[in-house]
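What follows is a single structure, and I will ask about it in a moment.
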Amino acid sequence: MNNYSGRQLVGVAGFRGYSGAELIRILSRHPHVEAVLLEHRSDSEERVAPLGRKPAKEIPAKVEAIRQEGLQAVFLATPVEVSLQMAPELIEAGIRVIDLSGAFRLGDAETYSQWYRERHTAPELLQHAVYGLPEFYRDRIRGARLLANPGCYPTAANLAIRPLIDAQVADRGRGIICDAKSGVSGAGKKASLATSFCEVAGNFRAYGILDHRHVPEVLQNSGLGERELTFTAHLLPVERGILETIYLRTVRVEKAVDLLSIFEEAYGEEPFIRLYAPGKTPDLHGVLHTNFCDIGFVFDSDSQRAVIVAAIDNLGKGAAGQAVQNMNLMLGFDETAGLL
Amino acid sequence: MNNYSGRQLVGVAGFRGYSGAELIRILSRHPHVEAVLLEHRSDSEERVAPLGRKPAKEIPAKVEAIRQEGLQAVFLATPVEVSLQMAPELIEAGIRVIDLSGAFRLGDAETYSQWYRERHTAPELLQHAVYGLPEFYRDRIRGARLLANPGCYPTAANLAIRPLIDAQVADRGRGIICDAKSGVSGAGKKASLATSFCEVAGNFRAYGILDHRHVPEVLQNSGLGERELTFTAHLLPVERGILETIYLRTVRVEKAVDLLSIFEEAYGEEPFIRLYAPGKTPDLHGVLHTNFCDIGFVFDSDSQRAVIVAAIDNLGKGAAGQAVQNMNLMLGFDETAGLL
Amino acid sequence: MNNYSGRQLVGVAGFRGYSGAELIRILSRHPHVEAVLLEHRSDSEERVAPLGRKPAKEIPAKVEAIRQEGLQAVFLATPVEVSLQMAPELIEAGIRVIDLSGAFRLGDAETYSQWYRERHTAPELLQHAVYGLPEFYRDRIRGARLLANPGCYPTAANLAIRPLIDAQVADRGRGIICDAKSGVSGAGKKASLATSFCEVAGNFRAYGILDHRHVPEVLQNSGLGERELTFTAHLLPVERGILETIYLRTVRVEKAVDLLSIFEEAYGEEPFIRLYAPGKTPDLHGVLHTNFCDIGFVFDSDSQRAVIVAAIDNLGKGAAGQAVQNMNLMLGFDETAGLL
Amino acid sequence: MNNYSGRQLVGVAGFRGYSGAELIRILSRHPHVEAVLLEHRSDSEERVAPLGRKPAKEIPAKVEAIRQEGLQAVFLATPVEVSLQMAPELIEAGIRVIDLSGAFRLGDAETYSQWYRERHTAPELLQHAVYGLPEFYRDRIRGARLLANPGCYPTAANLAIRPLIDAQVADRGRGIICDAKSGVSGAGKKASLATSFCEVAGNFRAYGILDHRHVPEVLQNSGLGERELTFTAHLLPVERGILETIYLRTVRVEKAVDLLSIFEEAYGEEPFIRLYAPGKTPDLHGVLHTNFCDIGFVFDSDSQRAVIVAAIDNLGKGAAGQAVQNMNLMLGFDETAGLL
């Protein structure tokens, strides 16, 4: 069902969170869809806002209301508990779901409960969920009813590592190190001492060392074994952005340009991957407020050491941007609509 | 009672907050006293700390324990509710109290309840409380049993304005504007969305416009009437520091050096006031981690406009530093002990 | 002359600076124009950039080249010296100029040389230059050949103050105070110790007290006399954004809603002014990366004191955004094209 | 020679830089020495300072003046060129030198010229220079005439890695990765676009990948070969602090506590090394404004992977703090004087 302007309607649950608000911003510039806010009764945050600006339409975050409104798809920018409850009902009602939580990213319920420390309450949906990394699963995404939007860290890691795995030039036996750094919005909007200004500003720390729930997501999509990948997250004193520095040894790579060729073959036509000349690496500023993943590397052929740097906006390609890219594929729009 | 090293013992309640932690830091370098932590049972914050470092001694925040330990004085770096409960008991037990909350700063219970929106539960103590601004009340502070440590904003405002009021060169009728900006630690350590990193970083906003509870504290100590002072607070994206830009018209001031003379007469011997040459004004960096209040101004004799800039560290001269300065006076130490 | 896509071509000189880069970003989303980079030979900054992305077209910043390329208008996001040299040549060649420097904002050469400390080398153009504040000079802007884009501080100040001046409710005799705070990009991109990270982060300071070159720009457009306006600039530790806190006394204003009515009458139909309910004031986050000016206030009818808070993005409504708004008017496009 | 207060005099060249200013701050609290500023005629930075505060004594940065003043030692917080010129003259004149530049850290002139891209002009001094890492070279430091104060990155790296190398539990063949992040003051005070606020705030980037001049300093002191260590530097948007995340595989380590034992044996009595319980790692805040190096780790015995996190203040243990620690050893004071 369309709205009066001929644009299709899509819903956004969790629109007050950082990913949800970013979704609203992106969708407000989208040529083919219009966002409807799905309100949870428990939300009560009062926001100082200008007078007289027409806000987006709000309806209750209930299946009946959503169905009645004729929404084509619903984004769940919600905690896993809420996603686990809403997704089955929406799918049942024939409404496409793009879930930004971690609820449907892992392939089986057991791995889920191991890393998320709770039982998965909709295990039957896991096999139908499509992992939304368009660069590798574009065709499946087009037909998805339930899309699991990738985590922010795994998006950058998979995009940086997988071409080398697929081309069989990574020395997996020696291990791949992913030293990842993220801005604070990745932790969500819930107030906590750990993300308060005075604790974060002028500070920097590691967390989730050898124990981060995003690891199985990388393993599952890269084919790496648990001991082949060492992942560490760090909290940067910035609002947004992820930069990952990845260390690996290559086999059978003669020159830096050969490594570049592998990336170019994998991503030559990709609209949202930008490669850098060998020896150049991206920074956060270049990707903020975009859906790009920037990838650069330094390579030492003598020692076969490669240091790859990948940068994304954790709210862009790491969440809302990629979710809209996936929606574009699912609803048959141009993949870049609203994103360039 | 002394500890083995010959230093006197003083207690710190609320030592996990920002002012309390700053007190511990300052006292650890103090030549004559040693801090004892006063633990509230409800505290449970786990802090990652290095192994094997001797922590400060901890005892319960109870009058019996405090008396038994022989503490000479107790700092209350606690919320007003806790101060209102602990201060009467400690005073009753003959222990000096230095209260960093706002509980005892205002002269009467009615003004208190008007601004703090709750009834004052120990009104009989208000007349005995001494307002701890040493530059103006040094003698009374020496004999204080209950010391009300000034608020951070009023400290800078009073120090910047009062010499001109006392010298009768401020045109009170035209009004004095105090545009104040504070770092985030001034809001305390309690987690809230308003002080979370993502809301504060890259942001700036005014608050408490024409309605800030620090206003009556300035009026009471400067003698200004309610309509003579306009005060606005702002939240700076920095951890600590307050800078106030104060606008007033003077009467009978011929030259900038005459204005400087008034400040020099008021503060010539003061160890913690630093004056700047006319036309020069201080910044935050110069006062961070110190007990100084830096004051500079620009003066236009033609229009009799004076713009005064005062800077303090809100955790230093604005809280813990000034509290130690007051303790030094109360316990008969050199006023600057531990503070330079 | 149009490019192949039917869009008109406009040039941007100084595209490597912060305002220039913002212009490029805004114009890249503009439906009717396409930006051409005007290269100065002295520019040599090497920028790490992704491979294989089609950059904007570059031509020399020379009148012949600009004329040959058929540019409809040229943005000068350049230092005053460069603007003073290029603007006359471009005007002479019949090309519209939108100048973001301060070269043509002041009405006469004498005031210019007093504040900019150098002689104006194109005084004959000053009377033809149109001051580009669309909310007050829309009609004249439509016909402008040389547009003087307003300074960042004056934009917010004029928009906040002028409706009250025009409605004659400001007590000018008592003086208006404008306490302004700006992000660092307002100082331009030239490296200097004063804008280096270590000097700015965690810091805050006032500058230009009673002596800022933006003052005459406010006076000229508000009609205020020199002694009626006191302006102070401050450097905020943020990348972008300006917030001004303005203090004045009103005459004949009964209630806060009456003050709001004055603003609503002035700006009711304005696409880029957003008003807040009385008692609510804007913050920086709300205006970043937009062309909005947000205005809120607190009013005390008893004392007739009004505290007005205005916020803009100094690179948006304070520079590049407003420049595009002016271009839209000058070239006959919808005023909001590319800006919402 | 002593000053009137019985304290020995030491000189500081380069006192306007960040390391030099930190030296002045630390020495101002030192019980046994007093700092004299060594002025270079080319210095001209005007600093807004309070009136009437007794500044430190200043003398020309000339050997005759330094000798005449009777300085016991001179800190060179200067660029390598200045250190290369002053150090030989001072040594010749019998004055102890503590050099904070990189001029005398590397063992031979050839390695120096390879990494610092210029010829070493005082190669004969290299064999006499003592590398100032007290935890490993304490005895030699006591007798040093020319002390090469370690670089900031190598200090943290060597302290974190070397106990494991010495205990032969690091699998050197698999390579050690050091992913290092530093605050901006590490780049010095010279204004540059790369360290300007707008380029650094909200940003993060890697630099010196597989090519950082601090690498040979780590190799030389850890005994690692060039291919055994992979080092990457990153620029954090903070003023100060270094955190390094180090990845290695161990051999013959059964449990995390065994790894802790190795660190405890190496550092049990060290006053400036703080160890964390296994599984806990330090952050920057804990070491700022201190001379501590905090070390923690996470260990997975199954895969023998160890992730070690080391944190220092780059201006503390990474520069000025360690320089004072070295001075204390050289002049026979308590090693911790002025540093706790």
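Letters A, B, C and D mark the chains as written, and numbering starts fresh at 1 in each.
Here is the rule we go by: a contact is a pair of C-beta atoms (placed from the backbone, for glycine too) under 8 Å apart; a residue touches a chain by one contact, two chains touch by 3 or more.
Bear in mind the structure is a predicted one, so any value in this text is a computation, not a measurement.
Seen from the C-alpha centroid of subunit C, the farthest chain centroid is that of D. Counting C-beta pairs in contact across A-D and across A-C shows that the higher total falls to A-D. Inter-chain spacing, taken between the CA centroids of subunit C and subunit D, is 46 Å. Distance between subunit A and subunit C, defined via averaged C-alpha coordinates, is recorded as 37 Å. Our note on geometry: subunit A versus subunit D, Cα centroid distance of 40 Å, whole angstroms.
Shared contact sites, meaning residues of subunit D that touch two or more other chains, fall at 199, 201-202, 237-239, 281-283. The touching residues of subunit C, counted against subunit B in their complex, run 174-175, 177, 179, 181, 199, 201-206, 209-211, 227, 230, 232, 234, 236-239, 241, 243, 245, 247, 249, 281-285, 288, 298, 300, 302-303, 305, 307, 309. Residues 48-53, 201-202, 274-277, 280-283, 286, 289, 294 of subunit C touch subunit A in their complex. Here subunit A touches subunit B in the complex through residues 18, 45, 184-185, 189, 191-193, 195-202, 237-239, going by the rule given at the top.
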